[in-house]
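Read through the structures below before going on.
Next come two complexes, and both contain chain A; in the first it sits with chain B, in the second with chain C.
Up next, the complex of A and B:
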């Protein structure tokens, strides 16, 4: 294949697909990407056998159609270092030649057929559509809560994806906190016959989020028993799903809401800044901020054996309920409050220091945190 | 004067029962063995209240004919043995004819049986030794034994029974052993009407292991087989990566009988040497086939031990088979530890210097202490001093000989070095051939760096000064920890000779110099003069110890912070461990681990201490369970946090290779005086070594 294209466009494409390039693999070909040139387009394919992406660039000058394997690390570096606006690639099974301005590069090649292909988007008659802006905010509000540690419950490392009625819902938990976010969606095709849960790996979520650039664009999502596909305007992302049983999150939320006795409206930015101030005095041994909610204010206290202690106060003029003492790992609060982006207030529902606290933001977003005891 | 008289039978059975029947699990064991001997293919075990109220064992074996039924309860009545010679050729599980008699002596027993070829069966009931007449019984073929109210007539024994959970645990263990030993057996265990285990006949050994000890264990198993022969070892061993904190998962079966054998357990553990951390135990399921006339099973009341005629043969078979299998896996690249009788493996390192060492030395070389990593030492020595690679390597290994031989060995030979080459290592002189032993040549080449030697064997501050003094006497404080602390291997060209300064009066056992007088060598060790010698301190180990103590004090005083889980984590455990954990639930809550019953063998973990948050909760929990199993009580907070604290301290401490300013050195030495135990780091390595003045004088032939 032989193509000439704009450098910055190709660089963006390379950076987007590189998240799906295998970092450590026994199959060396998978640490490259596959490029296919036909018509006026160039598709880049990266696939680490768990997550794959096919990204299409339009408006390319194709000199000779065909496909080739490109070494992504070097290609990205060339694109980044070069100052020329156009770049041309001439690649086949034997190698890749890159020409950028007066610079020439030659890299060895692989047989293009050996690169495993990812399937084309196939809605199978059942899929749903979400706008990119909504989807991005849903991902940002949930994915951080998925389990990143090596847990026995593998299912928790994924994000649960559900679609029913007119909503799509993402759920993530690491068993210490739980985030649920809903957004409007349009469903097509018959409802699912079997109630299987679709657990999307966290890595796929990151890749998907990066591919959501244009807020208005519609993203098509197809969920299947063991795999899922996402089609944006330019990219098709394919992923295997995480296997396992997801915990009954609805029950947990339902129970928390039933138990909740107090409801505190909290200003997001001020609360975030106070939590971070209080958390300065936590240390490796003690990651704990004690909060005392009382009429008109909340007082936060932290103490580290070596670091010292802090006491931070936030006025809550709207709160006139009973005194509640509760302690949190500040990290769990900070991650959540950051994900809220531009929301002005969030409502905090809780009962006492031994039961989970529920943050609610509008109708669509809920975040539960288990307090610290002892 | 008391008169001698014959004891009545009821007393005799109680005495016998005292030996054989200790708790419900012993009853289950005896009854299961009878069923297996009867050729049963399916056995159902039902318990009530851990077996204290009811034990019912039903099998489909060959049954007992009505005429023999009453006889079965008589002492020393058996169908499994005829003459005394049979005792030395036993193919059945039981043979003494004691079990039923003993059980009947301490419980209410109903024995119902029908041989398959008989139209009806018969039953007989026993009540503390008194037998009812034999009556017809219309059950299905096989034997059914019901034992009710165990120890009802021995209140003392009954008092010694533990809680239901503990007794159930022991029964589970018995059933586990039986199910592992007889893979063709369908075995069902119910407790209070609830199913505990159901092991179908179709479940092979690996499936059974998965059932009893979780799939994680099964997936890491390697099959072993010593090959056909009269003496044969088969079974499975597990990859060292899934070790345990106790030896509970080491099962040994001899001719289908579970036994305990310290020597074979040692053989298994030895095979894993170098692959497991100290205090960790391998997992193994070993099945030994020994000709019946080569093993005596009649040495223990409950037959939990056997005696082998050729014990050492069995030992080396186990060791060689397990070790050979592990070698095949190439688990650790540097695993070429030459040990014990494997003579050929040590030839590789000393190939260039044949005949240099006396046979005694060879022997010492082969005995490598468990903590030694010769391959590592070899590589480092080689990199530092290429021409001496071979000899340095073998020296390195010599340095690792187990403490007693190392310490005693060179000393008697000191005189014979005489005026030859005082600085050379005394034990390098076995056969003195200058060109193959450059290090013995003194001035010609820089002395072969005994960097890799145990610090006891040699210490050398700088090349220019060339002050190697060999083999100081170990000081009392340092002796128990003879683990080698390799000196660093970078070039010491810029190091100046140690300026020795006067010191303060001695404080026992390690006299401390006034602060600020230590010299840092290789950016790793602090050398300071003391009144009667010279002290070498490992800066990392010392700092680690000091930080460890500070941390521990803080944690001990503070409140234990607990993170509760929104979604409790289910943890699968073997039945007896689950019972134990639930029993200790209150104590575990004190440690921040909240557990509750989830049914079956699963417990729910719903909180963990945040301090240990770097580890996944189930790992913390497994560690505590292991402790619980060996110590029969939960660990104290200190014990649980010890490891973590040690790791935190290790990460925060200055490292070998960090250059310290004189002020830092002075402060570190100041802190050393305040430490509770400044002699060993939390992992047990020594922080400092003393080279006594006397020893220095001796090495330089001053005395």
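Up next, the complex of A and C:
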């Protein structure tokens, strides 16, 4: 392929796709990007065989259509260092030649066929749209709860993505806590015939979140049986999905709500600061904060064999229910409370210290935590 | 076409062909056979045949489509490789976890995804146990291919979850064909390579190296002499395996090759002493071997062969190489049992 294009645009594109270039790979070709020139466009593709980004540049002068592998690190450096406004690339399987003003660069090439391609966004007549602002907050409120440990339950390492009616829903759990967040979405096309679950790897969620810049922008989401695609204004993110059966999260939440006998309104900021205070005295052995909810207040206690003990109180003037003793891993609460951003209060629903507790924030966000025994 | 690249192994191919034709392909296979006989090539061709986008016939890869090119290059998104990292003797559990996580992805192109464990010999207990869950219940569409040199190194828990497919050493004519592909055609050279290769192409190709024959000359000369110079010969041997670079795999191969020709020489001496004919020897070689055999006697020769085989086993078990080298040479330089 042979193309001439603007330096600025190409630099932006290269920086953007480089997020999906394989960082640690035994296959040298995967630490490059693939470029496809056709019509008046140039597509750049980075793919580490788990998640990929495809970026389309338009208004390119294509001298010879075709595809080639470009060494992304060097190319980005050339683009950054060069001062010329236009740059031309002549690349094939044997190598890449770059011309910028009077400078010339030559780099070795790879057979373009050996680079695994990713398809362009194809909604297949069924997709949904979510605004970037909503999507970002949904990701922040769920992705942290996915299983990050190397367990054998691979399904839990992903975030479940669902869309029905007028909502999109993200669910993440590591089997000790569960986050469910809903947001308004516009669905197009017929509902899915098969009830396959779409589990998006956590890595993709991070990459997607980083690519959401403008809150008002619409993101098109295409869920397919084995892959998912996210079309933002700037680029298309492609991901493969995780295999596996997801736990019946609706039943778990439904049951918890049915059993709940106590409902406590909790001020977010104050609660977060008290949990963190109490958690100072936890150590690796005792990652727990014991809470006693009683009319008008909650008392939090923590103790570590070597660290010492703490007792922290938070007034809850609106609570006048029965006394409830329950213990949590403080980290699970802190991660949740931080993800809430600027919400003033959440409501905590629970029955006793042996059953899961459910935090609810408005209608769209629920967070369930298993208490610690004993 | 693709399968023609695989020499021999028709029984293994038939096993997989039949399984696919009947729709009864298993989820995990342990491909067992000596090093360097084409197990990895077989696994790659199998992956290609399963994933080919335009197969010209069932279970045959076209070798032209992007999918075939990517399997060949090791970049296909639905083929996962697990190898022991450079400089490690064991497969670390972290690598195994990464591999299992990848296997848990849904296939991107078709219905299959293939996991190739290239160094199943190098499992340690931790990584083998970490593998069990995935091996027993792989996600739908998975095919796991474990390449190993023997079943004795595998935990029973791994063995019981795999179907074992045996790969035998290549026949002489098959090695001859592979060597011809590589441009080695000199008949005398080829015959000798085949004899020393033990049915392994990797060994035959490693033997096809000038420096190797020089070392052979030096060592055989030295060892067959009435009073072998222990220190000098150990030095020659050590320099030879150290030239293979820092990688112990290459060093071990070289030590093992040397043991191979030592055994060959002793065998020839033994045959001569028993009055049998040995083909391909010139007069001076024959005289030298005969003298060597007469000096040591058949019992001692047999004992030497035993020691060499034992040493080869130690090489494989990663005993420090210089110790193996010295223990072998020490056998040669020691006065024979009879004269002690």
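The definition used in the following text is that the second predicted complex is superposed on the first by the 284 of 374 C-alpha atoms of A that agree within 3 Å, B and C clash if a C-alpha of one lies under 4 Å from a C-alpha of the other, contacts with A are read in each partner's own complex, and residues count from 1 in each chain.
Note that contacts are C-beta pairs under 8 Å (C-beta built on N, C-alpha and C of every residue); 3 or more make two chains touch, one makes a residue touch a chain.
Note that the structure is predicted; figures quoted are calculated from it, not measured.
> In the superposed model on chain A, is it clash or fit for chain B and chain C?
clash
> State whether A:305 touches chain B only (first), chain C only (second), both chains, or neither.
Only chain B; A:305 stays clear of chain C.
> Contacts for A:149 in the overlay, against chain B (first) and chain C (second): which applies, first, second, both or neither?
In the superposition, A:149 touches chain B alone.
> Taking the superposition on A as described, I'd like to know which of chain B and chain C A:99 touches: first, second, both or neither.
neither
> Mind working out whether A:370 is in touch with chain B, chain C, both or neither, as first, second, both or neither?
first
> When the two structures are overlaid on chain A, which partner does A:227 contact: first (chain B), second (chain C), both, or neither?
A:227 sits against chain C, while chain B stays out of touch.
> Is A:285 in contact with chain B, with chain C, with both, or with neither (first, second, both, neither)?
first
> Does chain B (first) or chain C (second) touch A:177, or do both, or does neither?
The first partner, chain B, only.
> In the superposed arrangement, which partner chain does A:356 touch: chain B (first), chain C (second), both, or neither?
Only chain B; A:356 stays clear of chain C.
> Which parts of chain A are in contact with chain B and also with chain C?
Correct list for chain A: 150, 152.
> Inside the complex, what are the residues of chain C that reach chain A?
66, 69-70, 72-77, 81, 83, 97, 100-102, 104-108, 133-134, 139-140
> Along chain A, where are the residues that touch chain C in the complex?
Residues 26-27, 29-30, 47, 49-50, 111, 113-117, 150, 152, 154-155, 157, 201, 225-227, 240-244.
> In their complex, what parts of chain B are in touch with chain A?
Chain B residues touching chain A: 551, 554-555, 558-569, 571, 592, 607, 609-611, 613, 616, 618, 648.
> Considering the complex alone, what residue numbers of chain A touch chain B?
149-153, 173, 175-178, 247, 252, 284-288, 305-306, 329, 354, 356, 368-374
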